[in-house]
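The chains carry the letters A, B, C and D, assigned in the order they are written, with residues numbered from 1 in each.
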Amino acid sequence: MKKKSRTKNQSLFARIQSFLDSQDDRLTEEMERDEEPEPPHESKLPVWGQTVEGLASGEIRFFDKIYPFAAFLLALFIIAVLLVTASRLPRFGGDSNPALNEVTERYLEDGMEETGAVNLVTGIILDYRAFDTLGESHVLFTAAVAVLVLLFDAATEKQDLLENRDYDLAGDTVFREGVRFLLPVILLFGVYVVLNGHLSPGGGFSGGAILGAGLILHSLGYGFAATEKLVNRKSYGALTVCSLCFYSLSKAYSFFTGANHLPSIITSGVPGRIFSAGLILPLNICVGIVVACTMYGFFSLYKRGRI
Amino acid sequence: MNLFLWILLGFLVICALAATFHRNLLSTVIIFMGYSVVMSVIWVLLQSPDLAITEAAVGAGVTGVLFFVTLKKIRQVDDEYSEGKKHEEEKQD
Amino acid sequence: MASFLTNNVEVVAIVLFSIGFTSLLLHKNLVKKIIGLNIMDTAVDLFLASMGYVQGKTAPIVENGIVEASSYINPLPSGLVLTSIVVSVSVTALMLALTVRLYHRYHTLNVDEIYLLAREEVRRK
Amino acid sequence: MSWMNDIPLFSLIACLVCAAVSSVLKARAARNVTLGLLTAVFAGAVALTARGVLENTNVTYWMGHYPAPWGNEIRFGILEPFLTALFSGVIAACIVGGNRHLLSDVEEVHLNRYYVMLDLLLAAIQAIAYTNDIFTAYVFVEISTLASCGIMILRHTGRTTLAAVRYMIFSLVGSGLFLMGVIILYDLTGHLLIVPIHEKLVSLAQSGNYHLPMTVSIALMILGLGIKSGMFPFHFWMADTYGASTPASSGILSGVVSKIYIFLAVKVITRVTGTELFYETGLQNVLYGFGIAAMIVASVSALRENDVRRMLAWSSAAQVGYIYMGLGLGTPEAMLAVIYQILAHSLTKALLFLSASSLSDASGGSHSFHDLQGAALRNVPAGIAFTTGALSMVGIPLFMGFVAKYLFMTAALHVENKALLAVVALVVSAILNTAYFLRTVIRLWASEGNERFSPFRPSAGLVAACAVLVLANLAVGYYSQPVISVIQMGINLLG
């Protein structure tokens, strides 16, 4: 057993040695010096629970031995407890469950009048509990910035190395024609879902995701250069920043007037009309823009290291 | 409708297990996308159309695409990597 | 007080949660870990959404001006699930980006191998 | 003075807006925006704390047009703005002190994004501290998780990325469990705001229904927050995370991010369940056990570590152990000690991380003890700062750490069946602390091994940040009584 592990380590050692010659973070240099890569889903080294001599310090050895076992036990314990808990919860679908209380009642009975939204879910997330949703769109923003940090590659800014090497779907006539046919429908549906968020199922987030998917499809069918006319780095930044700022500031106004019991200039309008429900429509549009740009931005960053 | 819900729930569990235990990453991702689609049907059954639209667009759409691009990126790294190696060997020859 | 059979959606959600949770903790392959994370998140969503469902009632979109609480399901869990979905897609994107970066550097998706390589790299310095 | 009630709202929104705007600014401008923001948040929070102390009341502020069980709310008494002030101060000290490392560790193109992350982190901290709604807390916990991952990965080394992956995995498990707890709680009570949940839980506990789900949901929430803040069996990510990030991030992660989760746990214990109900569940015994174990095990790990920053990380795990031990004791005195420990550890750890990084700059960038021999003589200001921090951690009178340990000791002595073990653990941990910190300090001031490296001049920002933190440490340690009475008032308002 021991011998076996040592031979395996040997190959590992060789690999390490070769790529440590360059401390550089740039991939290309490492790649040239390294050995054959392994297929991603096959592991050669059973490492947890088996340590390499002189490699790990005491804590790591301890951690290696105990981690899978402890994690397994913890998982089993939590699962068992949760299963018992689930069986003791209020009945599924019951109409006298504790969650159906005065809160739900007011949401359902006065929701349309108070928020102006026919789709009560949208009314709740963008009016009653707008603070959560303000946080939610910033979660997405945080993730977008973090992904940008991780994958932005200044080197691709000037030369389109990656794009040429990719299997190019844009050259595929069937695909391109399919996109030409589908794209308007998808984009129209996305816009409909965003704009009708307060009237029908959907809203800024779902519509934005659909629009983002449409943009992704566009870039696949016609190439990034074409999509860049619509969403490039500048417009991405401007759209996201403006939408988020508008969102934060308008919600700040709404919170401020609400908390100080001041009259707000924003009225909820006639429920059922498209220009109704006060801030909900503009907020849905903002969220939709942010989400669409972010989704496309994720894709573009993953695919070629820039927006 | 109850039976239908049971079938879908069973399908979810099977998909989750298959996604966990399947060895091929690409298949795992495809299974996961199937899982998301089933999930969005369940949400229609639970009377939450908002969630159904979102799950279909996000779970089966964008997340799936992100997984695919990641896998593709990984394969691309591998390709560049072996090309680089070939290149080096040629030089040595 | 109910049981396993009446709370079927909740129980399935817990089963899915445990599948996701275990593979997030124990799987060595990073992509598998992230799939596990996603399964865990959707399971939590299913659990949450099942709390809002009321037998025989419709989606909370006011139709024909009927504003009685007894005709719609609880809309609050749906709103919370929407938030939770956004969080999970953000986290997934970040984790996948981390994976791509690690793969670029260490050419493997196995966390253990990456760990050994990284330790060795530190020792070299 | 009702206009002061608007301060939390405006400082929160300002953070979010500044974050969005900073993402298109140049690094320098973004830095100035962040520093201005930190100053404003600090000033606002100090003013609110002062008003809280003068008026001794809680203020509930609607976030929207709807009252408690329907709309979101924030609430602030004394502790919430007090901790906000503390955390914004620590963040400011960290970025001023760690600026030189930031410039070298973070690529030029990405530098403004560091400040975007900090702004978002600051917003999340305030929201978690102020919020009166448990689901909002979850959303902002996620923002703080992503933002803290962001401030780590801005340093593009393989090790940092790996540490970030580990950190994220543990954090996500923690958030998943926390959310699960919130959901079960919602199913039982039908509320998400803390006050109605508490009322409903009290009546549920009296009726005896749903006893198990209630306990499980609270346990899941505490466990989730525990994992995220580095509670004992889940503290393994800390060494990598704190050891591999840029020094400013290490200070912020250890001094601020893990502490805000602990404060949320305190809020769950004191406000959501109420202390009495929580201590009926028996969960405090688990926390007590984990805390005691952390105090010993993590200290032993620190003793065996050969890298000064990893040693500090293990020491953080041990200090978090003190906090959970205090929560496990379950008396008002112990709660006082817990909050004081949050204050003490936050200030001291930031100081230690900053000065340690400067000391290793004076030793050719190496963190190993061998190279750090005599580093304090080459870099006297950082040496003094590190020594102060170490003395505080060890618990020498006059410093904050002493007061914290004293408070824990007196609190432990008042709990009959837990006193013995707690006191033994406190003594053993103090001895271990002394061993590893004094060993380090002696090495730092030893005159041999001086020749290899030349004297080093730390940057003005670092000296200023360290000086402020040292002075704060001494001042709060020496005049501990007023601070303790403010914290005591805050705790009374909280529960």
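General remarks:
As a working rule, contacts are C-beta pairs under 8 Å (C-beta built on N, C-alpha and C of every residue); 3 or more make two chains touch, one makes a residue touch a chain.
Model, not experiment: these values are computed from the prediction.
More C-beta pairs touch across one of A-C and A-B than the other; that pair is A-C. Computed centre separation for the pair subunit B/subunit C is 14 angstrom, with centres defined by C-alpha atoms.
Between the CA-based centres of subunit A and subunit B the separation comes to 15 Å, rounded to the whole angstrom.
Centre-to-centre, using mean CA coordinates, subunit C is 27 Å away from subunit D.
Touching two or more other chains at once are residues 135, 139, 142, 146, 149, 153, 158, 161, 180, 186-187, 210 of subunit D.
Along subunit C, residues 1, 8-9, 15, 17, 21-22, 25, 29, 31, 50-53, 57, 59, 61, 76-78, 80, 82-83, 85, 87, 89-91, 93-94, 96, 98-101, 103-105, 107, 109, 115, 117, 121 each make contact with two or more other chains.
Residues of subunit B in contact with at least two other chains: 25, 48-50, 54, 58, 62, 66, 70-71, 73-74, 77-78, 81.
Pairs of chains in mutual contact: A-B, A-C, A-D, B-C, C-D.
Here subunit A touches subunit B in the complex through residues 27-28, 31-32, 34-37, 40-41, 119, 121-122, 162, 165-166, 193, 201-203, 205-206, 209-210, 212-213, 216, 295, 298-299, 302-303, going by the rule given at the top. Across the complex, subunit C is touched by residues 12-13, 15-16, 20, 23, 25, 27, 30-31, 34, 37-38, 40-41, 43-48, 52, 55-56, 60, 68, 71-72, 74-75, 78-79, 82-83, 85-95, 97, 99-100, 103-105, 107-113, 118-121, 124-125, 129, 132-133, 135-137, 139-140, 142-144, 146-147, 150-151, 200-201, 203, 205-206, 271, 298, 301-302 of subunit A.
Those residues of subunit D whose C-beta lies close enough to touch subunit A in the complex are 2, 5-6, 9-10, 13, 16-17, 19-21, 23-24, 61-66, 69-72, 109-110, 113, 116-117, 120, 123, 127, 131, 133, 135-136, 139-140, 142-143, 146-147, 149-150, 153-154, 156-158, 161, 177, 180, 184, 186-191, 200, 210, 212-213, 216-217, 233, 236, 239, 301, 304-306, 314. Contact residues on subunit A toward subunit D in their complex (touch as defined above): 25, 57-59, 63, 67, 70, 78, 81-82, 84-85, 88-90, 97-104, 106-107, 114, 127-132, 134-136, 138-139, 141-143, 145-146, 148-150, 152, 154, 237-238, 240-241, 244-245, 248-249, 251-252, 254-260, 264. Residues 135, 139, 142, 146, 149, 153, 158-159, 161-162, 164-165, 168-169, 172-173, 176, 179-180, 183, 186-187, 192, 209-210 of subunit D touch subunit C in their complex.
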